[in-house]
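We just call them A, B, C and D in the order they show up, numbering each chain from 1.
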Amino acid sequence: MPEASIASAGPVDPALIEDLVAASRILAQHGVLDAWGHVSMRHPNNPERYLLSCARAAGLVTADDIMEFDIDSNPVDQRGRRMFLERYIHGEAFRARPDVNAVVHSHSPTVIPFTVTDEPLRAVSHIASFLANGCPCFEIRDVGLTQGLLVTTKEQGAALAKVLGNNPVALLRGHGNLVVAGDIPRAVHRALYTEMNAQQLATALSFRKPIKYVQPDEMQDPKRLIDAWEIWKHEAMKDMK
Amino acid sequence: MPEASIASAGPVDPALIEDLVAASRILAQHGVLDAWGHVSMRHPNNPERYLLSCARAAGLVTADDIMEFDIDSNPVDQRGRRMFLERYIHGEAFRARPDVNAVVHSHSPTVIPFTVTDEPLRAVSHIASFLANGCPCFEIRDVGLTQGLLVTTKEQGAALAKVLGNNPVALLRGHGNLVVAGDIPRAVHRALYTEMNAQQLATALSFRKPIKYVQPDEMQDPKRLIDAWEIWKHEAMKDMK
Amino acid sequence: MPEASIASAGPVDPALIEDLVAASRILAQHGVLDAWGHVSMRHPNNPERYLLSCARAAGLVTADDIMEFDIDSNPVDQRGRRMFLERYIHGEAFRARPDVNAVVHSHSPTVIPFTVTDEPLRAVSHIASFLANGCPCFEIRDVGLTQGLLVTTKEQGAALAKVLGNNPVALLRGHGNLVVAGDIPRAVHRALYTEMNAQQLATALSFRKPIKYVQPDEMQDPKRLIDAWEIWKHEAMKDMK
Amino acid sequence: MPEASIASAGPVDPALIEDLVAASRILAQHGVLDAWGHVSMRHPNNPERYLLSCARAAGLVTADDIMEFDIDSNPVDQRGRRMFLERYIHGEAFRARPDVNAVVHSHSPTVIPFTVTDEPLRAVSHIASFLANGCPCFEIRDVGLTQGLLVTTKEQGAALAKVLGNNPVALLRGHGNLVVAGDIPRAVHRALYTEMNAQQLATALSFRKPIKYVQPDEMQDPKRLIDAWEIWKHEAMKDMK
C-alpha cells in the first residue's frame, strides 16, 4: 500500500493521547492485551478519523506511536511505520457506531473458551452488567476463510461490526473479542470485566447448577462506573519508564 | 444531599487509622478489593459513628481519605469529598451488630460464582472455619429492583444486615459479599480467606465426590488467628509510597 | 508452660541457618506457606533436637528468629519468644523418622481440596514422582476433636507421624499437609511440587478421562533433583532486605 | 564421560547468543520453564552443532553459560561444566529436523494434564494455530523404563524425535513437551502459546459442549507472528541484572 497523503484532522490534546496510551498499558498489565491486541479512539475533531498506535505490543506503546487513520483505515501520515493489519476492526466499528468513541480488540484469555463453544457469555457480576444481554459471536468463515483467522479487510471489519450490532462486546470465534464504548475509560472497564466475568462464569458453570445471570433490568447506567480509572492508570503508568 | 454539620466524635489514634488504611491496601493487594470495594471501622469513641474512606479505590486510600459518618451514614465533615454510594452497607451493619467493629464490602472474585448458584459456600479449610455454618445470600430483588444491583439506601442496607444475622459473612447475589468482625485484622482475615476458601471449594467440587466440610464443632476460636496481620501489613505498606 | 532450661546442642553453621531461612522465604514466595506454615530442620549436632522459627510468618523469618527445640518440642532457650502451637508436628516427625532432617507443615492451597474428598493425590508429573505411591490422609477426629483442627499436642503429632509412615507427604483433612525429606532443599522441592502436582491433577481430572499416574517404578531417585535450589534461593533472597 | 576435544564451529554473533539467553529468561518469566527446562539453537556456522546452556535454571542463564555441542550431544569444550542429562532431546531433534533451528524442552504446567489423559491438545486460539493438527504424545515406556521418566540417551532422544515427526510440538507423558521452530522467537512463541492454549482448552472442555477447534486450513503462516519478540525480550531482560 502506497503512503497516503491526507490532511490531518489536527493535533489532539496530549491528555487524551495519554489516556489512550494508558489504556494500552492498563489492558496489557491486566493480561487482557497480549503482544498483539490494540486500543483506539475516535479523533475528537473529526468523527471520520481515529487514533491507533503503530504495530507495537500494547505494553510498550508510547504517545509517539499513536497514528491517525481515516475511516477507511488509511494512515494519514505513515512515515514508514508498520501498521496493525487488523485496524479495519477499529475503522468499521467507528463507522457503524456513531455512539462509539473507543474500541478495543483483544485476545482476552478466558473469553476464548466462550468463542469456541456455544456456552453463552453473559453477566454474572454487576460490574459486568453491560453483558446482561449476552455477546454475539462472529464466525469469520461466514465471510470467507482467512489465514490465521485474522480480520484484515474492510469487508471483514464491516461484517464484524454488523454482528456487533448495538452491543458493547462481540466475540470472534477462536480469536478474541471486540469491545466498544463511549470513551476510553469505559472501553477499558468493559474489556477488563469481560475477562473477569468470563472467569467467574466458567467457575459458576463448573458447579453444574442453574445460573442466576444479571438481568437486563439490573444493568448499571453506562454513564456510571468510571472512578476506577484513577487506580488503573496510576498502577499502569508507574510501571512506565 | 446537603453537607451535614454534626459534631465529630473526636480524633482517632493514628495507629488505628493506619490499620484501617492498611486493611484497604492489603485487600487490594490480594485482589479481594477491586477499584470499588471498601473497609470501615466503628469509631472507637462513639459506637454510633464509623470511619470509611471517601470514594477512592482501596489500593490508593491514605489516612487523609478517611471520613467520619454517623450511624445513618451521613458524613460528619464532608468538605466536598465524594462518598461511596454503598456506605449504607457499613452503617446498617454497625447498627445491627453491636459486636462488630470492622466491615468489608467486596466483589471478591471467586465468591461471585457462589452468589449466582445455590451451591453453598462453606468452609473446607480450617483457616476459613468461620464459614463452617455457611453464608446466607442476599437477593436485592426481595427489597426492590435497583440499577446495577447496588445497595444505596438505608433500607437496603438494613435488609442486608438482617440477612447477615449473626454470621460473619453474607453473600450478595451477582455482586459480592459483606464481611464483619470484631476488629480490623479479623475482618481482613475473613475477607481474604472467604476468597481462598471459595477457590478451594470450587476445586474440590470439580472432583464430583462428597465434600467433608469443616464442621461447626471444629471452628477456631474467633479470638485466635491474627498473627498474620504482621506480614499482611508489612507487604501491603512496603508497596505504599 | 514454664521457660525450660536445657543445654543447647551447640551453635549451627550459619550457612545451614541461612538455608532454613531461605526455605521459609521460598515457600512463602511460591504461595505454599501462608502466614502460618513453618519449616524446620534437625539439629546437625544432635538428632534429638530441631530448629524452627518462633511464631512468625514464613515470609518474614530471619536467622534471629530460629529457635532450638528438644525432641519433645520444648524450647531450649525461649527468651520470651512466642512459639508455634503446632511445633509437635515437627518434633514427632523427627522422632518417628530417623531418615528425615527437614519438615514442612503447610496449608498448600490446592492440596486442601484433596484432603476433603477421597480423590487421591498421586503423581501425574515426573517432578512430583515422589507422590507415585499417593499420600495418606490424617483425620484429626480419629485422635479427638480439636478446636480449629490444629495439631497442638505430642499425642496428636505422634498420631500424624504414624499416618505419615514411610511416605514423603501426608495430608491433614481440612488443614494442609506434612512434608518430610532428608534435607532442606529436598523438603522444599517436595512442598512446591506437591502443590503444583495438585493443580495439574485437578485439571487432568476435569477432563473426566482415565489418568495415567506416574508409576512407582518410574520414581526419580530421591537423591536427585536439587539443582533447582540455586534459583529458588536466589529469587527468594533478592526479595529479602 | 571424559571431556571431549572437538574443534568448535566458531564464534557466534553475540546478538544471537543474547536471543538464546533471552529465550530462557522469557520462558522462565512466563512460568513455562521451571528450574529444569531448557532452550537451544542450532549453530549458525555448522548444522551438526547446537548451543545450549550448562545445567542451570533457565531464569539464571547468562551468555557465559552457553556451551557448544555436537549433533551426538557431546560437549565441544566442557571445561568442567555440568551438562543437562536431557540434552539428547535437543541433539536428536536437530538431527531429525533440518528445518528446525531452535528447540525448547519444558514442563509447561498445563500441558501435563494433556499428557496423562487421552484428551487431545489442539488449537482453540488462532495464536496457537500451529497446534491445529494436534500434538503426538511420546510414551517413554515404549522405548524402555527410565528412572524419573527422563530422556537421557541418544536412543530415547531419537525415539522422541520420531514421535514428533513434522509437528511443531510433541507431548511427553507425565513429563512435559518438546517444541521446535525455525528460529528462537518462533520457538518461544510456540512454547508460550502451547501453555496458554492448554489453559484455554481446559476451560472450554469444562463447559461439556462441543469444541470448535481451529481448523488446519485456518493456520497462520509460520513466517508470521514474531512482532511479539520485542516486548517479551524487553520484559524478561529488564528483570536481568
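Following the convention adopted for this analysis, a residue touches a chain if its C-beta (ideal position, glycine included) is under 8 Å from a C-beta of that chain, and two chains touch if they have at least 3 such contacts.
As the structure is a prediction and not an experimental result, all values here were calculated from the model.
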{"item": "Both-way neighbours, i.e. chains that touch subunit D and touch subunit A", "value": "none"}
{"item": "Same vs different contact residues, subunit A with subunit B, by half of numbers used", "value": "different"}
{"item": "Cα superposition of subunit C on its sequence copy subunit D - rotation in ° rounded to nearest 5", "value": "90"}
{"item": "Euclidean distance of C-alpha centroids - subunit A vs subunit B, Å", "value": "33"}
{"item": "Chain centre separation (subunit A, subunit C; CA means) in Å", "value": "47"}
{"item": "Subunit C, residues touching no fewer than two other chains", "value": "206"}
{"item": "Pairs of chains, among all present, that meet the touch criterion", "value": "A-B, A-D, B-C, C-D"}
{"item": "Residues of subunit A that touch subunit B when the two form their complex", "value": "123-127, 129, 196, 199-201, 203-204, 206-207, 209-214, 217-221, 224-225, 227-228, 230-232, 234-235"}
{"item": "Contacting residues of subunit B [partner subunit A, same complex]", "value": "34-36, 55-57, 59-60, 107, 109-110, 112-113, 116-119, 145-150, 173-175, 202, 205-206"}
